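Per-chain numbering from 1; labels A, B and C assigned in written order.
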Amino acid sequence: MLNETDIKSYFLNILNEENDVSAGVAAIRTLMKIIKYHDSGTIQGLLEDLKLGMEIMKNTNYPSAAITSGCGLFRRFITLAIKDTYTFAECQNVMLDRGNLFLNKLNASRNKIKKLACQFIVDGSRILTHSRSRVVLHALKEAAEQNRYFEVFVTKSAPDDSGERMYNDLRELKIPCTLIMDAAIGYIMESVDFVMVGAEAVVESGGIVNKIGSYTMALSAKAMNKPFYVLTESVKFSRLFPLNQSDLPDEYKYLPTARSGDLSKEDPLVDYTPPSYITLLFTDLGILTPSAVSDELIKLYL
Amino acid sequence: MADPSTTVDASLVEDAATAVPQPISELESLRLLVQQQAAALDTFVKNQQSVNRGKKVGADGLTKKERRALKAGAEKNVEISNAKTNTIDESLNQPKNNVAVNSKSSKGKLQNDSSTPIKSQVKNHTESPPKADTQKSQKTLDAKIKENEKETLSKAEIKAQRRAVQEAQRQAKANQKLVVTPNNNNQATKENIKQNEQNIKLGKKVSPKIDLIKSPIKHRVQLFNHLYVGDFQEQNLKRYTLNKDIHPAFLQLGAQYLSRSILGSNARCLAMLSALKTLTNDFRTPPKQEFCRSLESTLKASITHLNTCRPLAVSMTNALRQFKLLLTQIDTNLSDNEKRSLLQERIDKYIQEEIEKAGEAISNEVNKKISDNDIILIYGYSSLILRILVDAQKAGKKFRVVIVDARPLLEGREMLRRLVCANIECSYLLINAVSFVMSRVTKVLLGAHALLANGYVMSRTGTAQVALVANSFKKPVLVCCETYKFCERVQTDSFVYNEIADPDKVVTVDASEKSSYLLNWRDNNYLTPLNLMYDVTPSDFVTAVVTEIAVLPCTSVPVILRIRPVE
Amino acid sequence: MLEMELFSDVIKLISDIRHSKLHNSYDIAIHTEELVERLISEGKWKSAQDLMSLIKLRIARFISALPQEATPVNIMRHILKIIRDEYDTGFKSKGEGHQSLHHLVTANINDSEDYSKLLPTLKSSLLNNLAEYKVELESSMDNIATQALEHIHANEIILTVGKSNTVEKFLKYAAKSRKFQVIVVEAAPRFHGHLMASNLAKSNIQTTIIPDSAVFAMMSRVNKVIIGTHTVLANGGLRTECGVHMVALAAKRYSIPIMVLAHMYKLSPMHLCSSEQDAFNICASPADVLPYSSGPLLNKVHVYNPAFDYVPPELVTLFISHQGGNAPSYVYRLLSELYHPDDQEL
């Protein structure tokens, strides 16, 4: 049986050492670890443990949106597995097998997404992206390997300047890119062809939750009639349905350290982009319109 | 040959006769004219049923009654010298025919009269019991014929006259028969009129269903009922009608407008001003009358004629207004010749300032906006846009032009030719492919026929569409328009005021192998081709309007109207 | 030998289309269906896998020859789905679309994607299914036409562009019991609108024909726009005759609903990848736009005559198919019902 500190250190270990792993996948692997070492012998106990594990992970300083959705999906996965088995040991084994299958599929998802996204990056494209997204980076890398000529504009993305890391990564891949200020999004929009961003969570309405500044970019793209593409793995689909910015849960918007203080003076980490501003979502389930997202979620949870 | 009733110089007449390239004998020409009149009569009579009477007001703002009164009033003995051939270089034989025949004014009068009784008949049948009036009109006809007979005519001429009279009488009888039947149509049409008016007022999207079932008004789009001026075949024959009270320059101009050989508001305005200059020059004040006033009334008749050929352009209306103002302001103490030269000079100045210099100023402004590697989209033909692009090319800018063209006028081809001659790199396509190229275009330049007081742009049909697509792709749209084309009228749609052109143009296809399935559209009551000349572009599609005074947003048009000297 | 066999029927279909022996999409659809039927009944195949690979080869051949002609490929794709369904019901395995989230979560390790098991009843059940499918195709146009009365009320002014047999039948059906007017846009340079207008007028429908440039001017008085389309894209957008995008923008401006009459075989799983429309559009002869008689001018000018237009899904109000009406946002669902996800990338 793992205790709190073990869970936490395992989770943080994965994220620190493996650069390419998203928080959601790391969370799932942690949960799998919990199942493996669980010894109470009851399903109820296991579920309690998993819940605890989730809370611990959310309390780290990593974006909780991805963690929540990944864990939610995994739990659904688990509960469906429970029906078919009789003994606890059997159940545990089935869960672990299924879990591995799930993880394998998730790992393959990025490949599928980058293939789909690559079709849209034609020669002479000028792409605008926001902050740092691994999926988008993969897709751009794929396009560059296919010797397509395109240009990328990256926003610096305060406060953690993750856009600058993206810029450096792109430079290493020898892709022509420019780093722009967050405030220059409106200015640059008329000269780009389309916008490509990642997402931290995809919500039930078909909208996305992503690094702060994505909503502004989507508004600007809509005003200038440019397509807004979102690249995301299906593990990020979540059952949330925010009505507006203030309807987003606080745990998404603010770090746990900040949550204790006065929230009205805090800068949020993420914002919500409604589905009407999104043109297409590229997922491992295929190219979806925002209205198809809720269809998928309904099918899953019913 | 000289008639005592008119004061035409014999020498001038001979000059005119020799100037005609196709000398036709008097008899033949008369026969021709009579036949044409008879044919015109036929078509007129056939279309009675479809003509919507009642409060019909022609495009020049006069009802039929007023127009007739005007004509009657204009039958004074005005001296017209026909010797001067026109400076406008259009190749039409018919006007010269007119010139030749016009000198034989007696026949001229006959032509006039044979047309009026018919018109009066048709008008009368809707207002009062038809039978009585045909008799009345017969009487007027007889009276006028007697008048003519007073003048010395050769035998052949008398015979021809009688023939014409007989034709007219025959037609009148046929008319009577037809007149009896469509009485019930009156009611239908009156209801229709009311409904149309209501619809237009309330802006409802209801088409008058009544007419479709009871008696389909042939080949008219109900929404444009107020704009139809009669059948187009009959319109074409108007070319041959002559009116001795109108200067041949204006007759020729009218014919050119009608056949659409002069297109474009600047061109039409220039042509009209040129004819105006000729008129001023040739005008001899009748005895006991003042130069300006009589010139004005003659001018009125000419303008009415032009209007019936084709409704006046806004540029023309504005220019005329200035001219009339000038006439009222001119110093009465000057001699006729001095007045004449002053007017000529003023007309020249107007052309110079309002058209030439304004064009130059606009061209300079727009050239500042054209940068290297621009791809500029233009629509149709505009003399101003042509000038702008040629000037930019001369200034050494490197840009490409995409020309969008549309049926049925296909004016863009002329634009293409001229731009290619100026060594500008061009692409050409039809309006349906606008969405295909618009993503690569950097700017859109459009010309205008007129700018309305609410900021809407009235221009060739299709302009609004190009602006719409440009707007959806977020490309800047520049409308270039001289301030003399600004008008106080306000319009929000393309229905209330527009011009319907020849429907046959829509149906005929110029591609070699294809012929349209609609060539015999007249046989089918349910089929109507519609050929609109103008449309109205809303102000939110336009980024900027470039005038010689300033580059304005579309909403500032009333400011210009305020600044310019009040008419 | 197998190679030769593979191509002859598809080659004939391709050449028929190229030489305009098959004009409209309906004819093409029926011919394609018959082609596959012949393949199933006479072709050499044993397992479902064999048959599917035969069909996939044909699809590949077709796409390489006529990439813009979507109808035959869609029909063949649908038949692939029918085969898969038949196979699954034959073996009573879980035949859910394998790429849904649900499936991802509930997947069994032992799920085989292999269709190579022999199923003796496959041929007969397939032929039955195809016979049903053929009837569906044949009655599709009539089914759409019978819905006309649900969409057209009295005294309407309807706008349509160019010629579509489906729209013609739709309007004629409605005209039997309702009085309305139709404005036909002539759609230069192909001028299909002329034929449409003359056909409608012969059925005693009050028709007005206008040139392309007058669309915006007339649009404010139009009540509905009813058009056909060449293809429906996966996002609910359209690939239609050139000039329809303009009409759609004008209709959007005046908030006029646009109804698209689309048969099921026009739904295609493709997307518009770039605004340059490289793979999306083809250009026809420029002589229709600027005739050869223009002389030396032709050397110095680029002339474009695109055949298709892209209409984004936000401009379309409703799709009407033989099953009823659908919003453009639901097209993805129709697609997943028609085609198997594995076949969508072909």
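Heads up, the rule we're going with is that contacts are C-beta pairs under 8 Å (C-beta built on N, C-alpha and C of every residue); 3 or more make two chains touch, one makes a residue touch a chain.
Since the structure is predicted, the reported quantities are computational estimates derived from the model, not experimental observations.
When every chain is reduced to the mean of its C-alpha atoms, the one closest to the centre of the whole protein set is C. Distance from chain B peaks, on a Cα-centroid basis, for A.
Looking at B-C and A-C, the interface holding more C-beta pairs in contact is that of B-C.
Rounded to whole angstrom units, the spacing between the C-alpha centres of chain A and chain B is 67.
For the pair chain B and chain C, the distance between mean C-alpha positions equals 47 Å. Rounded to a whole number, the gap between the C-alpha centres of chain A and chain C is 36 angstrom. Residue numbers of chain B whose C-beta contacts span two or more other chains: 472. Chain contacts: chain C has residues 275-276 touching two or more partner chains.
Every residue of chain C that touches chain A in the complex is listed here, in rising order: 99-102, 104-107, 109, 234-236, 271, 273-276, 278, 313, 329-333, 341, 344. Interface residues of chain B, counted against chain C in their complex, comprise 205-207, 209, 212-213, 216, 221, 223, 406-408, 413, 416-417, 420, 425-437, 439, 460-462, 464-465, 468-469, 472, 493-495, 498, 506-507, 509-512, 514, 516-518, 521, 524, 526-532, 535-536. Interface residues of chain C facing chain B in the complex, by the touch rule stated above, are 154-155, 157, 179, 181, 186-189, 191, 194-195, 197-198, 200-202, 204-218, 220-223, 242-243, 245-246, 249-250, 253, 275-277, 281, 288-291, 294, 297, 300-306, 309-310. Put simply, chain A touches chain C in their complex at residues 73, 76-77, 80, 97, 101-102, 105, 119-120, 122, 124-125, 193, 234, 237, 279-280, 284-289, 291-292, 295-297, 299-300.
Remark: chain B residues 472-474 touch chain A in the complex.
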